[in-house]
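The structure under discussion appears below in the form of structure tokens.
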Amino acid sequence: MIGVIDYGLGNIRAFSNIYKSFDIPHRIITQKHELSGIEKIILPGVGAFDDAMKKFNTSGMRNTVEKMVFENKIPILGVCVGLQMLGNSSDEGVEEGLGWIDANVKILDTEKVSHSTKLPHMGWNTINIINKEELLFNGIHDKKRFYFLHSYYFDCNHEEDILTLTNYGFNFASSAKKGNIYGVQFHPEKSLENGEKLLFNFAKI
Amino acid sequence: MLHPRIIPNLLIHKKGLVKTVNFKNPKYVGDPLNAVKIFNEKSVDELIVTDIDASVKGDEPDYELIEKIAMECRMPLCYGGGITNAKQAKEIFRLGVEKISISSAAINNPSIIPEIAESVGSQSVVIVLDVKKKFFSNGYDIFTHNGTKKTGLDPVKFIRKIQNTGVGEIVINSIDQDGSMKGYDYKIIDDVRKTTSLPMTVLGGAGSLDDLGNLIKKNSIIGAGAGSLFVFKGKYRAVLINYPNQKEKIELIETFMV
Amino acid sequence: MMNNKTIKYQVCTNCVMDTSDSKITFDNKGVCDHCITFYNDIEPKWDTGDKGHKELEKIVDKIKNQGKNKDFDCIMGMSGGVDSSYLLYMMKEKYDLRPLVFHVDAGWNSQIAVNNIERLVDGLGLDLFTEVIDWEEMKDLQLSYFKSGVPHIDSPQDHAFFATMYKFASKHKIKTILTGGNYSTECIRNPIEWMYYQSDSIQLLDIHKKFGSIPLNNFPVTNILWHKIYLPYIRKIKTYRPLDYIPYIKDDAMNLLVQKFGYQEYPQKHFESRFTKFYESYWLPERFGYDTRKVQYSSLIVTNQMTRKDALLKLQNKPYDTETIKNDFEYISNKLSIDVSELKKYFQMPKKTYKDYKSQELIYNLGSIGMRMLGLEKGGKR
């Protein structure tokens, strides 16, 4: 049973539609007791870092999720701002991040971006898969495209936590993983077939 | 490398999909849901869907239709038409839509922009400006209510005024070129491009893949929107949903992008 | 009208039609009347060799003459299916005609169909004309058919297709309509009990009158007398089926289209429409016990394109995909703006037949007899 956390931000419906089309059992979680029996967690997120952290912290679900992730090793997938929340902090705001992956969120370095619309990084861009054996990307070829929409990126302090790199003026981590904790900067719920495959893979991990 | 977005533009009128010319004479082209489904299967980059009746009639958004459309889209969807407050925007996001577009609401009450941006983030707030060349000078006017109301506002000045208030994207829609399939209006595109570094999408006039290519050549990263091009085929403007396949799209972008 | 007679199950020893066609009869060798009609009435008069080719050339010359100095010399109905696609290819490339490709969008086009139409039209450099049926009216009519309880619920699409084509030809004074209908894959027809005449406008309008909720202002309605007598004999607008005059082997045609145009295959005949797919693979067989695959395979058997053994083997599988049927149910319900529970209700309601509503059946029967007497029609629907 997949649990999609609805703490007020993110396209919850889109995740639900995809899992529904695969007939994969899933539940939208708005309260902590609904987390009972959940085997995998999706943590969506859009908008500003501080707003997301505040909403998640006051949702009443944070502690239970943290327990599930660290004590029961339940796999969790952070999406977009959901990935950024997994880090220590963000230059975008003042709130503390979850600190579950050692990384800091910084503004994208667009010095080498030649066109005039530097930020946000918006549109379909390619991912370069570092570890081709990684199950999250099973069946997804290298250099496939996903939809991005962000101005900040997840700056991992440990190279081994980086799953994929994407180029936008420079190479940044478009996805990361530490043990059972995963995060993607792009929007798999809106990345057509590639995104559907990734979400499917996550369900099967 | 980031690619420009090629975006079909769908208009809804009386529950049906229509195409207009200069924003007039809506011609029925079919069921919106079927079109969305087909575009989804064709893996389009993004989709813009606008209800052209809503602001004119002062109706609430058709939530039932929006929900059905959102269910079929596995790519970003921008919905617009008749959105005048943050409550409506929130409901539309809840139904699975990523971006909402506002036009007359932003012009009449620019403070709605930060209001909506605050609840979901500026990336989701798209401002659509329907523009028409002035008769006697080189400038442009913004029109609202489906091209029927002249606001007397200059698009460049208006963009300068609102660009830092929580806008995620600007869509420029040329009333003059709408449905003509004779090419984009590059003057207004250039004017707006010089004014703001916000993401931009343009609509109105695309008649061939080369038109999209030329837009990409001049702007690199931009949203190349098209209505008639992706809905009609051939000299009789036969209704047939079409969109370049992956190979054709990559070829187009790689040929034209500098 | 309950049928209390239990018919003993019997299947033809030659093809795979069986007693699910309640009017079927068998000779003393167990061969059904469909086969007998084919062997006695159709096959002897069906020539795809020299004779057929010469006849077709005569027709083609006439079309070319009538079309001189016009933008196009005929219209060809195109659904995106194999038959009409192959017809298009043959008539343009081998017979040098200049057709206007005519497509009717009834709201159910699958992506594959739309893509295939595009590939053919682009690949052959032809002009396309599309008529889009008013979806709100189509939806209302479609729901009326569900509510009527009859088997032939795909009539709205078929009716719209022909009505639109005839109206277009009439309006623009085009003398020739070409369709992909053919003996090769359709010599054995769906029994009327399964699929009543889709062109019967009296039935269509009666069903709509009883169950529809919005008026049919834009929906194209044709009339059997208009398009079978007035158009061809008074207005001289003729309809031909060129695939009857030349060799047409389905598999070969498919391979050619795939190779030449990048055509995408359909899982089964008529699957270019998502509704027809649902209707033929699920609704008709599961609700009424009418499996159209039996008709299609039987046509292929008598024309030596399929063995009876293969057909029987294939028929052992369900006609619909058990994995995706739930999605199809949802899709159809969604499109028709009803709940899945409402669609299920229609599935379970008492079964009706075309006889329960007004019809022009008498005219069809008289017409059929007349046509056969004049030698103008071979075999045909029963």
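Structural remarks
Letters A, B and C name the chains as they come in the text, with residue numbers starting at 1 for each one.
Here is the rule we use: a residue touches a chain if its C-beta (ideal position, glycine included) is under 8 Å from a C-beta of that chain, and two chains touch if they have at least 3 such contacts.
Computed from a predicted structure; not experimentally measured.
Chain B has the Cα centre that lies closest to the mean of all protein Cα atoms in view. By number of C-beta pairs in contact, the leading pair of chains is A-B.
Distance between chain centres (mean CA atoms), subunit A to subunit C: 50 Å. Centroid to centroid, with C-alpha atoms defining each point, subunit B and subunit C lie 40 Å apart. A separation of 28 Å divides the Cα centre of subunit A from that of subunit B.
In subunit A, no residue reaches two or more other chains under the touch definition.
Shared contact sites, meaning residues of subunit B that touch two or more other chains, fall at 71. Of all residues in subunit B, only 15-16, 28-31, 33-34, 37-38, 41-42, 64, 68, 71, 233-236, 238-242 touch subunit C in the complex they form.
Subunit B meets subunit A in the complex at residues 1-5, 40, 43, 45, 70-71, 73-76, 93-98, 120-124, 168-169, 193, 197-200, 219-222. Note for the complex: subunit C touches subunit B at residues 100-101, 103, 105, 107-109, 111, 114-115, 117-118, 121, 127-130, 132, 134-136, 334-335, 337. Within the complex formed with subunit B, the subunit A residues making contact are 9, 11-14, 17-18, 46-48, 51, 114-126, 145, 147-150, 167-168, 187, 189-193, 195-196.
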